[in-house]
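Both complexes below contain subunit A, partnered by subunit B and then by subunit C.
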Partner chain A sequence: MPQNIQPIAGEKSAADGRPSGADGRSLALQNRFPIARFQSLIALFLLCLALSILSDKFLTFSNLWNVMRQISVNICISVGMTLIVLTAGIDLSVGSVLALCGAITAGLLKNGIEIPSLNLFIGFTLLGATLVGAVTGSALGAFNGWAITRFSVPPFVATLAMLTVARGLTMLWTGGFPISGLGETFQFIGTGWFLAIPVPVWISIVVVAFAVFLTEKTRIGRYIYAIGGNESASRLSGIHVSRVKIIVYTIAGALAAVGGIMVTSRLDSAQPNAGISYELDSIAAVVIGGTSLSGGRGSILGTVQGAIIIGVLNNGLVLLNVSPFWQQVVKGLVILLAVIIDKANAKNE
Partner chain B sequence: MPKPIRYLIYAAAIALLAYNSVYFKKLDEVKAGNTVFDAAGYAKDFWEKKLTPGLSKAMNLNALTSLLKADKEKAFNEHSHALGIGNIRYFLVKGRGVVTDVDENEVSVQLTDANGKAVTPQVRIATEYIFGNAVRDASGAIDINAFANSMDFNNVSAEINKIIREKVVPPFKSKVQKGDRVAFHGAIELNRAHLQTGNIEIIPVSLQIEKP
Partner chain C sequence: MTDTATLLEVKQITKRFPGVIALDDVSLSIEAGKVTALIGENGAGKSTLMKILSGVYPDFEGEIHYKGEPVRFTGPKDAQQQGVVIIHQELNLIPYLTITENIFLGRELVTQYGTMDKSRMRKKTQEILDRLKLKVNPESQVFKLKVGQQQIVEIAKALLSDAELIIMDEPTSAITGSEVEVLFDIIADLKAQNKAIVYVSHKLDELFRIADNYVVLRDGKSIESGEMAGMTQDKLISKMVGRKIEVMRKMADRGACEPLLEVKNLNLKSRAKAGNVLHDVSFNIGRGEIVGLFGLMGAGRTELLESIFGLHPAHTSGQVLIDGQQVCCDSPSRAIAAGLALVPEDRKKDGLVLGLDVKNNISLTTLEQMENLGTLSDSKECDLADHYIGELRIKTPSKSQKAQNLSGGNQQKIVLAKWLATRPKLMLLDEPTRGIDINAKTEIYKLIIRLANDGLGILVVSSELPEILALSDRILVMTEGRINGEFSASEATEDGILKAAIGATHTAVGGQWSAVGGQTP
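Coming up: the complex of A and B.
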């Protein structure tokens, strides 16, 4: 990594997702206000405490495992979203990409490909179908990255276009109908258990470990923080900004595909309208986890906390029999609060 | 590592993945082995052998609305059916009333009691947009586990709705007029958590215009 990159984001500070001023002033502030470092954890603890008092069903093993199983999908998507937001980008297409990849995996697994002119049927094994699903997600993500970097399209617009394109492709692929009955082996991905822990939780652990390693222990991880901190300076420092961004969007697309495969497996059905508003949940997890929407600051583990908070909040509101309409209002207010707190912290620092 | 060896390893890995990912068959052999579910036949059978005989168990809509006001839980627990665990539940109902309005999409009916006296609520009989799973699920006579996949199950619903559109609605819709006395059997959908009994839509199973 070029030496003159270091003052932009600060190699050490970037690794833990916290910016540091050159004079160490922010470090002093952090020491003075240590609560800011743990605000997500404190919020999660208070939320769990309140829910365990209000509902006797919340603190049960079956419910907690169910929550973990549900948030595994959001964790996968949110990890990809974090990488993108760290580069000061955004991806609104993850929900649609999730739906398309899940549908492609299910369609290939169930129906294969028929080529009547050759009297040929190409069948796909579980490995083959999931691989094609994951490659599709990666390709769509790469296309997003390419469109954003090649034509300087704002990420918001490029991924908004992909949201519509991917949803349309999903409808075309499925004909608007669910693809169901995918077999017990495939269902194991979303509903199975391994070493007394649900398989989706294992998958999200692997995804998180990969992303933490990527952001904290690799050169590209430092580049991601650097680009988000100051893109122009990063480019002048010799970082191939376009390439890094394409890689980041590709990873996010692949993780959306993993989420899609998990959702499809859990339901034993690829729904053409799956993943609607998932992008909002993942952005919420990223923001609540302390990642700055202007890039360069944040962490994967913070996002995991954010995803857990969103998942617990969803679960708690359902257990408390809150109307789905009010649930949306509450979630929106929580996101707003998280952004306000983040802004206040940034101002203090 | 020399480049040729590296490429050879990559190629071997890709070949191994591909070998374990896809398989090839003759298309006509695959098609010969597939039996397609006959949703139309199943729906016809269901209509004739389960739904029509089961209409005698349909609950009077006047009685149902009274029970919903008096004891909502009892009404839902004893008279509704649904396949999922959500709040949307379906009832098989019957009733009589006087037509108050006829438009392209529905017929509005003022319910009457046994003496022919008008009672609340007013209901709407759908005559154009016959969609959803109300009739299939309200009967409680179809077991989802009997189907290989949910697409087959949904196709049954589509075929039932098609029977309604083609056989139940046309003879009624072509003759019904404002002021007619009508009798109906049908299915309704109610939300357990957000109950609205003021403007119920009935998906008809049988419709009759009674002579004055």
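Coming up: the complex of A and C.
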């Protein structure tokens, strides 16, 4: 009897009943402790170890919290990106959507809406302004999903278009100038502390918890994996593929808005060119975290690890005084390496 | 006539796949200047044989002698360079390249400066097209040509590489009458140039027109070969099927039963070309009845199931009723709600999410029942999986095993399980035992019969006649998008069904045959 169960050939070994206990156990063990899931953690650990030896500034509380605060924005965006990539899609518009939502929140908070013809002025509370920002993000995400499912536009193209549109809208809304001076209460979101932990970190914890719950515990989460794994089988199983995709893009849009509000609050200013190339950092986090760009395989926590690796790497390269030009080269090579390792793992599976 | 030298000889070839012997000690010889018809039912081993001859499978037992020398092609390119070319049923042209570019793909002529020698390639292409009497510009893009013309471009490709043996797989399956005539003229020319042609087709009348020799394959064995002259369609058909129903004993006939599914005047428009894929298809299935649907490749069987299941809402017209209630089958979810289940033909492509585990695949159709307060309950999913793993005897190391790691038979059982979980009234089974071994087959047959005894209606599509005969209470035969015959279990014979599938019409009452001709397209 063959010791390892192979696809198809398994029929023979299992022909007279259940396969031997040894086979079953070893497989179950492999499933429970895949090395692949830990390799990014190991990489992160080694990275931190190296940095704490090379720089005495790395392993300090102020630096680490600073890193976490910076990473929070990428984590929020990347969680949404992960959901999309799991369905075998992609979202290039997150950076622009982030900028637009941040700008809208800032603008409403600072200036409100004035309608001179009606002699009307609408002021916004903090809650109102952030809510409108979040709704805007969701709506743009939903629009992405609608264009992709209704007209079969490839996600790459639909969200590329949205990247340009949302950036244009940001410029229109801000007139090309930053909106600054938004008040201390608003700054609390990006710079405050709560229970000895920075507020942005709390926000990203909540976002991650929500997404983990969604992917692991709910029907829609299962559908996301199923659609990415085999869209046609999912459709035949009665899953409303379009509906699930629209929901996923909407969530990603909302999370981009959350990121936008965090960025705006931290800088106390909405920059019209905020979030440029954030989509690339976010895709990098997703990929380094082991999520397959062809869909169906990956996890939220993997992406969190990916985002932390990128953040720590950025921070470390700055601390080590590496020139910004070299930083980009290193980051790019790390992404490539991560994908190569991931491919090798997938082959071994 | 030119000399009848043997060009290629196949000596005792055996080809095994895990769990299946696709070719079993097959021998045959192919003569230059002759058309050899390769005949056999679906699954008889024709495509495996073609793949060996054209170098796709370099790994087999036995020998091939080519021009008197033993050869073993290392790959399709090797076979091509030595003069053996295959023209596949699905054409392998690149649609947005021109005819010239397609013909010279991978063997472009270059000038002395290393750039492409376009004028010389164009001239050469023109010469070949003239020889084949194809009057189109060599610079036109291939996707603009008709299917028949594209086929000629494939032949041109073969001629460019000085092919001596051309294998044609179902060359007339997609082309119209006049294009067939053009093709036959070309074949006659090729014969005159002493090329050997292996012609694979289900259409027996064509074979009688152009073939000189025949080889019959059955169950992976070469049954008989000889000259076409003196053969009749009936003799050929009986050689193709000639076997006892060994798979299982026929069930006792079930009596008349109340209708469960009624399909009335179902039409499906073709997306690719003008005309219909399905023409006014009407039939009933009773509660507890197993209806077999037989047809040759391209008869529209899969499309019929898909249309009933709501996969082509924009192109379908007609009525589908379940229990006398009209079903609005415009999406799979509606069809499922109405009590339908579809086990698709290609379980890897359409049946399973291979990357998900056994448990998650089984629960995929019924996830809304797996919830507690809006979150998925692992224990409910486990219960469901355990139930079906036990009931269908799915062999898997654990229910958390990924579906891709199971054998074909067990994968198919997972697909069946996920549909049984929806408690369907009617199951549409498309080739339910394709590619799985004989034990798993028998188990699936037993399951199907048990389900029918429990009152489910079942429509089984199969290209395997023994399977159809063993399972069905009633048999429908499809040809070119129409129901072309209906047989009760008692009057059904392999010959009769195959004749109806090939195009002769059969009336259920009198059991009489009418002529093959006059098929309306």
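Keep in mind that, in the parts below, the second predicted complex is superposed on the first by the 314 of 349 C-alpha atoms of A that agree within 3 Å, B and C clash if a C-alpha of one lies under 4 Å from a C-alpha of the other, contacts with A are read in each partner's own complex, and residues count from 1 in each chain.
Definition applied: a residue touches a chain if its C-beta (ideal position, glycine included) is under 8 Å from a C-beta of that chain, and two chains touch if they have at least 3 such contacts.
The structure presented is a predicted model; accordingly, all values stated were derived computationally and were not measured.
A.B. asks: Answer with first, second, both or neither: which of subunit B and subunit C does A:Glu114 touch in the superposed model?
C.D. replies: A:Glu114 contacts subunit B only, not subunit C.
A.B. asks: First (subunit B), second (subunit C), both or neither: which does A:Ser269 touch?
C.D. replies: Touch partner of A:Ser269: subunit B, not subunit C.
A.B. asks: Tell me the contact category for A:Ser294 with respect to subunit B and subunit C: first, second, both or neither.
C.D. replies: neither
A.B. asks: Under the stated touch criterion, which partner chain does A:Ser277 make contact with: subunit B (first), subunit C (second), both, or neither?
C.D. replies: neither
A.B. asks: Which partner, once the models are overlaid, touches more of subunit A's residues, subunit C or subunit B?
C.D. replies: If we count touched residues of subunit A for both partners, the winner is C.
A.B. asks: On the A-aligned overlay, A:Phe124 touches which partner chain: subunit B = first, subunit C = second, or both, or neither?
C.D. replies: Touch status of A:Phe124: first partner only.
A.B. asks: What is the contact status of A:Ser180 with respect to subunit B (first) and subunit C (second): first, second, both, or neither?
C.D. replies: first
A.B. asks: Which subunit A residues are contacted by subunit C in one complex and by subunit B in the other?
C.D. replies: Looking at subunit A, the two contact sets are disjoint.
A.B. asks: Mind pulling up the subunit B residues that touch subunit A in the complex?
C.D. replies: Contacts found on subunit B: 17, 20-30, 148-151, 154, 193-194.
A.B. asks: Could you pull out which subunit A residues touch subunit C in their complex?
C.D. replies: Subunit A reaches subunit C through residues 5-12, 14-15, 17-19, 23-24, 27-28, 31, 213, 217-219, 221-223, 225-226, 229-230, 232-240, 296-297.
A.B. asks: If you look only at subunit A, which of its residues touch subunit B in the complex?
C.D. replies: Residues 112, 114-116, 118-125, 127-129, 131-132, 177-181, 269, 321, 323.
A.B. asks: Can you tell me which positions in subunit C touch subunit A when the two form their complex?
C.D. replies: So the residues of subunit C touching subunit A come out as 18-19, 309, 311, 332-333, 335-337, 342, 344, 349-356, 360, 364-365, 367-368, 370-371, 374-376, 395-398, 400-401, 404-410, 418, 422, 437, 439-440.
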